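Shared chain: chain A. Partners: chain B in the first complex, chain C in the second.
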Partner chain A sequence: MSKRKGIGTMAVLFVLAFITIIPFYMMLCMSTQTSAELFQGLTLLPGSHLLENLKTVGSSSFGKFYINSLVASTAATLIGTLTSAMAGFALSKYRFKYRDLIAKIIIATMMIPSQISLIAYVIEMRNFHLLNTLWPVIIPFTFNAFGVYWMKQSIEGAVPDEVMESARIDGASEMRVFFSIVLPFVKSALITIALLLFLWSWNNYLLPLITINDMDLYTVPLGIAMLNGMYRTDYAAKILALAMGTVPLVILFIFGSKYFIRGLTSGAVKG
Partner chain B sequence: MQSKKAKKMKTKTKYAVLFLAPFVILYLVFGLFPIIHSFYISLTDWTFGKDVNFVGLSNYIRLFTEDKYFWKSVGNTALLMLMYIPLSIIVALLLSNLIYSKRTKFKKFFQVAFFLPNITTAVAVGLMFALIFDWQTGILNNVLMKFGIISSGINWLGTPGLARVVTALMLFWAYFGYCTVFYLSGMSGIPEDVYEAAKLDGANHRQTLWHVTIPMLKPVTSFLILTSFISGCQVMEEPMLLLNGWATVGQTVGGPDRSCLTIVWNLYDTAFGNGTNLQYGKGAAIGYSAFLLIMLVVMLWNRTQKTLAKRRGDIDE
Partner chain C sequence: MKRKLVMLLAGIMLMTQLTGCGSGKETDSTKEGKETSGTASENADMDEISGKITMWTWFDISDEIEAYEESHPGTEIEQVVVDAGEYMTKIQTTLASGGTLPDLVWGESLNRGQLFAMDILDDLKAEPYNLDTSLVEQSVLPTMIDEEGRTVGLERNINPSGLAYKRDLAKEYLGTDDPDKLTEMITSWDEFINIGETVKEKSGGKVSMLTSLGDVYYIANGQSQEQRIKDGTIQTEVVKDLFTEVCEFRDAGIVSQIEQWTPAWYASFGGKDSIFSPMPSFGLDNFIIPNDPEGEGNWGLIVPPEGGFNWGGTCWGITKDSENKALAWDFVKFDSFEEGADIRYGNGEIPSGAGYMDEEKVSEENTYFSGQKIGEVFINEILPTIYINPITEYDYTDICTIELVLSSLNADYEMTADDAVDLYISEMQDQAADLKVN
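Right after this comes the complex of A and B.
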């Protein structure tokens, strides 16, 4: 009885896992076929047209989109992680007036949907003459309230005051205490927030859509969405580009899933 | 001694300010300022390239009373949320219960597999579903016709009702794994002896789920309802790409009959969609109205939660 139930459980889980994975699998298969094959119907096996499709995608600006996304997401991740860690450190290890109030305000800002500032943000970028750079898609990720909250919690729990104090007695400056004492203690928390920032900035579509007009600055999601105009009839090549834009993050996620999930669920456990 | 201590505190405050400064300055300049400026813009009739006049609340009044699409977009968003959020949460609860069971193997694999759609860019989610549900080239119609279930393709994305269902299905696909992960992390926090006690009392699996697991997971459930609501109000990219992404014919704003025009899609379309008529004032008013609606619902939700908790507390005593 119990064994049969166990098999049923596994069957349900596998069916659902199949449903979540099948669109990815189909995308990968379709990216190796010719456009003609695609229209003939469903083939659940890889085709032999991958190299030709690669050539088509390679001859477009897709490589450039990749570099743009890499540059923007890396910059967003580095700056955002640093500002989060610094602010988290200040809020957890220093005592000053209004500290708890500031922490509360920062957490409250997480509730404000970002779309509310969208129009003024675009105007601000135009006034700062940043519309023809990658900055408009970097800046919103350089100050992340969740990151501050997350780093504050992590530093509070993981960094012993005595270690910091003894470093200070040895003559270490506050900057040094932060970089060489505090940060090594919270390495895994840093990885979590860095991965999340990278993911969020890489996946973003709305921001580049409204702030980037120059095709040389397109990011991967924007590039994929705009592929329609570039090789309109070559459906298979478009799907290959879609796959190429999706797969790196999937791999990154599979290897870093522990960190991703820990970061995302951190707020809920306490209720 | 006293003054020395005070001096030490002072230098510390200096450093605290120094460490907080990068975040705070960036937030003030690029976060708070545009929020406030957007509110001012919402009180003007600003259309890009034209004169700007202060018009008070008339954008809001017009949105609430005579605008064709504002309430429609609110209704669409609510309808979509009603279709995919409860389903996601219920499926996630049952699923995580299955994954958490001791007999289940490959736990890590399932956790990662279910979460995969959630880390995929909305662009890819929308386009993948477009590949499946497209009228002429979609996989689903191909399969159904091959097996003779239908004789001609169903226009999934061209019919208002069906387009909504497909959109909700896509959002469910992308979202239930996210909820599952939260429930799993909540379940790992339930002490083992609670289950032991239930077992001793002779509770079967269903009873344990209903009387132990679900009540213990209440904080996770209410967190998920609240955050799902907030994120659900902001849905735009997935339906936009599903319905318009690579469509070769019939690019429409909001899908057929605007049946899938969400609040934020409406904002986007108003302020940025039409190159010759960028209505910043009205767009900003849409943003603020949506924000007010969200806050209203969140406040009501918090109040009901508190009242309920109080009532339960009275009974317990």
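Right after this comes the complex of A and C.
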């Protein structure tokens, strides 16, 4: 009975996995076809137009855009994860005046659509002489309200005060407590927020569109959009560019998925 | 130790990249959308061509830029290619945030009304440019003029449009694939509809005359000499005429139920479901060849009943705040009337500058069109019949609303022309509350 049940579960999982993977597979197949072939109907076999599509994508300095995206997303992820963890630590483990108010203000900022503050943000960046650099596309992710909220909740639930106290009694500084005691406790949450920040930063389109006026600094989403014409878009080349654009994300999620799932589910069951 | 070293090196690399893009480009960062190294004194003298300008385009024109820089030492032109669909968003955000626009911008036929209304472009007929509009194909002049009557754009190309058809389908269902005989056969749109009904019957409903109601709209709109919006007022009768014509085509069952600009619409160029497609002069490279790679020799072109029409268009504009107008204007002239226009002509475009419509330049036989001289059809037969309505600031809102209404007409065959007019007016007023209705 249990064996039959196991086969049933496997079958369901197989179907779900198939449904999930097939669009990705189709994206890879479509990236090897011509735009005309794409419009003739769906095919699950690779085409013979990969080199031509690569040439089209390559002609748009895609390599440079890729490096820019990697630099911006890596910086956003590293700084954003660190600031989120530090702020989360402070808000969850220190007692100071207006702590709850500050936490509420941070959470409230999550309710404001980023488009509303876009113009003001561009003006701010100009005043700091940061337009036409990668900084305007990095900064919004380096101080991320969701990241702070996420790390605050994670640290609050996962790090016992007693362990921190013991470390302090043993002479550890506050930075040592943070890096050596607190962070290992919330490794999954940390990797989860890092993955999310990288994903958001990598896929960001509007900010680079508005703040970057130098094609040497274009990121992958802008590079992909460049393949749009007014009356004609080379969809096959665009899909190839999209497929290439997803590679870092896929790699990161393959290596980080274990922690990602653990991070997302850590608060689900409390023992 | 090794891990620390790797981390340190990675950190140094990252910071190098960031500072490389940041402080190292400090001088660039001050340009905020453009970099002009022409000084005030240089700008005062339109004959002194030097320095740097920037331009925002939506496709790459490196060939023209490289040719210009080569023939004009001491000049540098920076091109920023912006997604066509977000071009106006970028301009509007830059303006709203107090930023500086590039020296040169483009206006597309759909959104140039909006661009012109922003009052950010110089009048090219005034000092210091003194554009001689007699050098430009006269039929495109209305597309260069804003609502104040100032010539703020210079059209890059002419875009005459006709009716392209698939020869094999025409032969099978219309009895001939000869363009002259087809022109004789289709003398009016009523005749076109009658023939379409016969084709529908003969093919068992499998073959239509046109692919999309959008195609009908482009023809009807292009041929109309009445403005839908005039002096800030919607002209209800003109709107009604348009949708009545669209509904006639739809109700006769001679148009496929495919929406324009969708993958299915593009695929129709390579399919066997419809005989005719409205085709602008840029349609061969943009619509036909990419979607019908096997179709060489199977296409033909005729002048539509009631004449040709204009489809699309891209114009140059020089921004008022440009600090190097001499260079900006010199490049525009180069691209419109000189070597840049020659390069574009070689790439299949038809520059709007006089001289590109000479007999010898347009008499090439086109293999895709079975040896038909399509340049001759576009220039000699279609172009003289073209009339273009004036540009208005509501053009973009208008086309977005039209597409919405067409989509509704396509989805609901019970919807009448009167319903379409009501929907059009209510949507237009929602988006532009200042519009009046006549």
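Basically, the second predicted complex is superposed on the first by the 189 of 271 C-alpha atoms of A that agree within 3 Å, B and C clash if a C-alpha of one lies under 4 Å from a C-alpha of the other, contacts with A are read in each partner's own complex, and residues count from 1 in each chain.
Throughout what follows, contacts are C-beta pairs under 8 Å (C-beta built on N, C-alpha and C of every residue); 3 or more make two chains touch, one makes a residue touch a chain.
A quick note: this is a predicted structure, and the numbers were derived from the prediction, not measured.
Of the two partner chains, chain B is the only one touched by A:L16; chain C is not.
When the two complexes are overlaid on their common chain A, residue A:A87 makes contact with chain B while staying clear of chain C. Judged by the touch definition given at the top, the superposed model places A:I139 against chain B, while chain C stays out of reach. Legend: residue contacts after superposition of the two complexes on their common chain; A:L197 is shown touching neither chain B nor chain C.
When both complexes are overlaid on chain A, the residue A:L118 reaches chain B and chain C alike. In the superposition on chain A, A:T109 contacts chain B only, with no contact to chain C. After overlaying the two complexes on the shared chain, residue contacts for A:R126 are found with chain C alone; chain B is out of touch.
With both structures placed on the common chain, the touch criterion links A:F260 to chain B but leaves chain C unconnected. Residue contacts after overlaying the shared chain place A:L207 against neither chain B nor chain C.
Looking at the superposed arrangement, the partner reaching more residues of chain A, out of chain B and chain C, is B. Overlaid on A, the two complexes show chain B and chain C touching the same residues of chain A, namely 38-39, 118-119, 122-123, 209-210, 222, 225, 228, 232, 235. Against chain A, in their complex, chain B makes its touches with residues 9, 12-13, 15-20, 22-24, 26-27, 30-31, 33-38, 41, 95, 98-99, 101, 103-105, 108-117, 119-124, 127-129, 131-132, 137, 139, 142-143, 146, 173, 177-178, 181-182, 185-186, 189, 219-220, 222-224, 230, 233-234, 236-237, 241, 245-246, 248, 264, 267-268, 271-272, 280, 283-284, 287-288, 290-291, 294, 298.
Taken in their complex, chain C has these residues touching chain A: 14, 17-18, 21-22, 25-26, 28-34, 54, 56, 58-60, 78-86, 89-90, 93-94, 96-99, 102, 108, 263-264, 266-267, 270, 282, 285-287, 290-293, 312, 314.
Residues 2, 5-6, 9-10, 12-13, 16-17, 19-21, 23-24, 26-27, 30, 38-39, 41-42, 82-84, 86-87, 89-91, 94-97, 99, 102, 106, 109, 111-124, 139-140, 142-143, 145, 148, 174, 178, 199, 202-203, 205-206, 209-210, 220-222, 224-225, 227-228, 232, 235, 238-239, 242, 245-246, 249-250, 253-254, 257, 260-261, 264-265, 267-271 of chain A touch chain B in their complex.
Contacts from chain A toward chain C in the complex involve residues 34-36, 38-40, 60, 67-68, 71, 74-75, 78, 118-119, 122-123, 126, 129-135, 138, 209-210, 213-215, 217, 222, 225-226, 228-232, 234-235.
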